[in-house]
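A, B and C are the chain letters, set down in written order, and residue numbers restart from 1 in every chain.
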Amino acid sequence: MLEQPTSLTALDARALSSGRLLPLELKSLSLETGGRRLIDNVDLRISEPGISVIMGPNGAGKSLLLRLMHGLIVPTEGAILWGGATMDGQIRRRQAMVFQKPVLLRRTAAANITHALGLRGVARSERGARAIQALQAAGLERQAFTPARVLSGGEQQRLCLARALSLDPEILFLDEPTASLDPASTLAIERLLIEAKHRGIKVIVVTHELGQARRLAQDVIFVHHGRMIEHQPAPCFFEQPESDAARAFMAGGLVL
Amino acid sequence: MLDLSEAFRAALRQIAALDPQLIEIIGLSLRVTLTAVAIATVIGFALGGVLAVYRFPGRGAVAALLSALMGLPPVVAGLIVYLLLSNAGPLGVLQLLYTPQAMIIAQVILVTPIVAALTRQTCEDLLEEYRDQLRSLGASSASIVTTLLWDGRYRLTTAVLAGFGRAIAEVGAVMIVGGNIDHVTRTMTTAIALETSKGNIALALALGMILLVIALAINMALMGIRRLASHFAYA
Amino acid sequence: MMGVCTRRNVLGLALAGLAFLACGVPVAWTADNFIIVQSTTSTQNSGLFEHILPLFTKKTGIEVRVVAVGTGQALKNAKNGDGDVVLVHSEPDEAKFVADGWGVKRYPVMYNDFIIVGPADDPAKIARLKQAPEALKRIAEAKAPFASRADDSGTHKAELKLWQAAGIDPKGASGNWYLETGSGMGATLNTAVGKRGYALTDRATWLAFANKHDFKVLVEGDDKLFNQYGVILVNPERHQNVKAKEGQAFIDWLTGAQGQAAIAAYKIDGQQLFFPNARPQS
């Protein structure tokens, strides 16, 4: 039985500490390449903890938006501010991202996590224990010493998520994490995300699946043609979308 | 007419007799080439990895130069090293000419561009897949290089193998800087050249066959490792 | 199992292997007592050095390392200081080498002779001619293939002198019937045999040559085919690294009783290859 989005009072003190990174503010953000405006003048403010979902039809620019937020791409115009500070390496280290296709090194599952921990400067003696912990939380402890690339798609994605969580991030980005996964794996991933939320991690996830959005979202950001069309709390968005595009999307039609 | 079966029999006879001169020649060939390949691998991996990951002005030019140097004729490499190590040259004081060390230096010059260029290619391919994730994890450029090198380790054995093949088979460089001195700098390839010039064609062929077998054996060993690796999805 | 292949283990193994290899190699550094002799491919291919050098080493404990290249290259290498002693067979060049101050003194050591070899069917009909230039003339007229060393070696210079005596400049036919191989004696003989043509070679190399097919000695005995070898110590005043003492020891031995006897004793198929003719030392 999946949980419904819970109220803010259920979150622990951790949520408040991440307030140093929140609010996330995108100001007149634009991205232009080859003469095409891929992200067009986006103004956005995310200040509440919990799971924010970015939705929209394919090609809307959701992935780009996520990458911009995480600092993987530099915008052509505009600013991205985390708690008032501009994006830099230090801030990126307090975040983690899971990509649509699992990206795993040619090592065992556990080694993938210890490698990431090593990059973050975690002491060698601690890495093993933290890796096992993360694997257990994701239900992968039996695959700890299996070569990561031999795991199934669902297991690989869970491993990527476990790796991200092992880094103790304050912000967690996910780009269509369950797009190609079976329902059981999807369920497992969503469970982990909800647990993360409870631990006070701010989760920003891109999805084009309505059902998933309904299950997870605290608030919904609807994107179309590189523009931000709507940003509303989840119940409001699902019951009464403000824009035609969102309405058409919800109705399951093709939104051009 | 050249009798291949005669040559084959001569080869077997030499091997069976464990001719000490033959053992000495094979030993020197392997020591010189393996040492040169080992050194070239260290330099080449580092160079290739850095070229793949770091952005700096002139990067394209260096990459192009490396690719061009892959085709450096061995005899030219030998000539360059000879000019450097000759007593009339800048490094003459090292007294390295006509020693195995000089041969190693010349072969390092030949092998490094191959390893570096192939390493760069492998790392660039891997970077396509890993770049975003590694940046997300906050990896510095240096740790990206080491991560890619380790991750591509089985693909990189191909690069090392290519370098080995070039070195074990060349005669131009080792002949000029080594001088083909009996018991000191005579390798399989220079011995083949000598025996051919003495008209001992059968013996030269025999040596050639032994050289081929050695090269084949090393190739197969590395192939075996790669097969094992892909079984564990490490390839 | 794969856990063993950790990065640290592999690195450690690699370094150990490298150290092992590197240590195994400086075979050359341990043997301190050696001299480098720049000599010619013809002398080396004849097998003379394998015969006489061990005797010298046994007597003096000095190892002799021979670098065998063409006469021109041998003298050039010596000028660069890349050798302690030069042993070649081109008197005018040797004289100039000493006159220019690169060498200390030239000592005659031994001689052999040149011969003209060719295929059994002898298309240019030069067999048993008494005059070598006449033979070359017939080869030119018949446009029979002739393989020349063309590498500035003693043999090559002797060959050119013969063409001069015959009044013919073969260079015009280079690539045609006159084949300039630019290689050592053995390689040039291989070319002659392969093309079923003629070549001028020293007798020693020919006797030791193993790829004769049906080729025969066609012209010999002419005075102009006399081939004198000389040995010179590289001038230590020009190059500090020259091992003058050991080099001179080698020259003294070579021109002395034991060395001369060793040279005379070297035979292939009962035939003597080199004839010692060092002047008695005062």
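Here is the rule we go by: contacts are C-beta pairs under 8 Å (C-beta built on N, C-alpha and C of every residue); 3 or more make two chains touch, one makes a residue touch a chain.
What you see is a predicted model, and the numbers here were worked out from it, not measured in a lab.
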| item | value |
| --- | --- |
| Most centrally placed chain - per-chain CA mean versus overall CA mean | B |
| Furthest chain, CA centroid comparison against subunit B | A |
| Interchain centroid distance [CA atoms averaged], subunit B/subunit C, Å | 31 |
| Centre-to-centre distance between subunit C and subunit A (centres being mean Cα positions), rounded to whole Å | 78 |
| Centroid distance [mean C-alpha coordinates] between subunit B and subunit A, Å | 47 |
| Residue numbers of subunit A (touch at least two other chains) | 147 |
| Residue list for subunit C, restricted to those that touch at least two other chains | 2 |
| Of all residues in subunit B, the ones touching two or more other chains | 232, 234 |
| Residue numbers on subunit B that touch subunit A, as the complex places them | 129-130, 132-133, 135-139, 143, 147, 151-154, 232-235 |
| Contacting residues of subunit A [partner subunit B, same complex] | 67, 70, 72, 89, 92-93, 95-97, 99, 103, 105-107, 115-116, 119-120, 147-150, 167 |
| Of all residues in subunit B, those that touch subunit C in their complex | 28, 31-32, 34-35, 38-39, 86-89, 92, 95, 97-101, 104, 150, 179-182, 184-185, 194, 196-201, 232, 234 |
| Subunit C to subunit B touching residues, read off their complex | 2, 7, 14, 17-18, 21-22, 24-29, 31, 36, 41, 44-45, 49-50, 65-68, 77, 79-82, 183-187, 189-190, 208-212, 239, 241 |
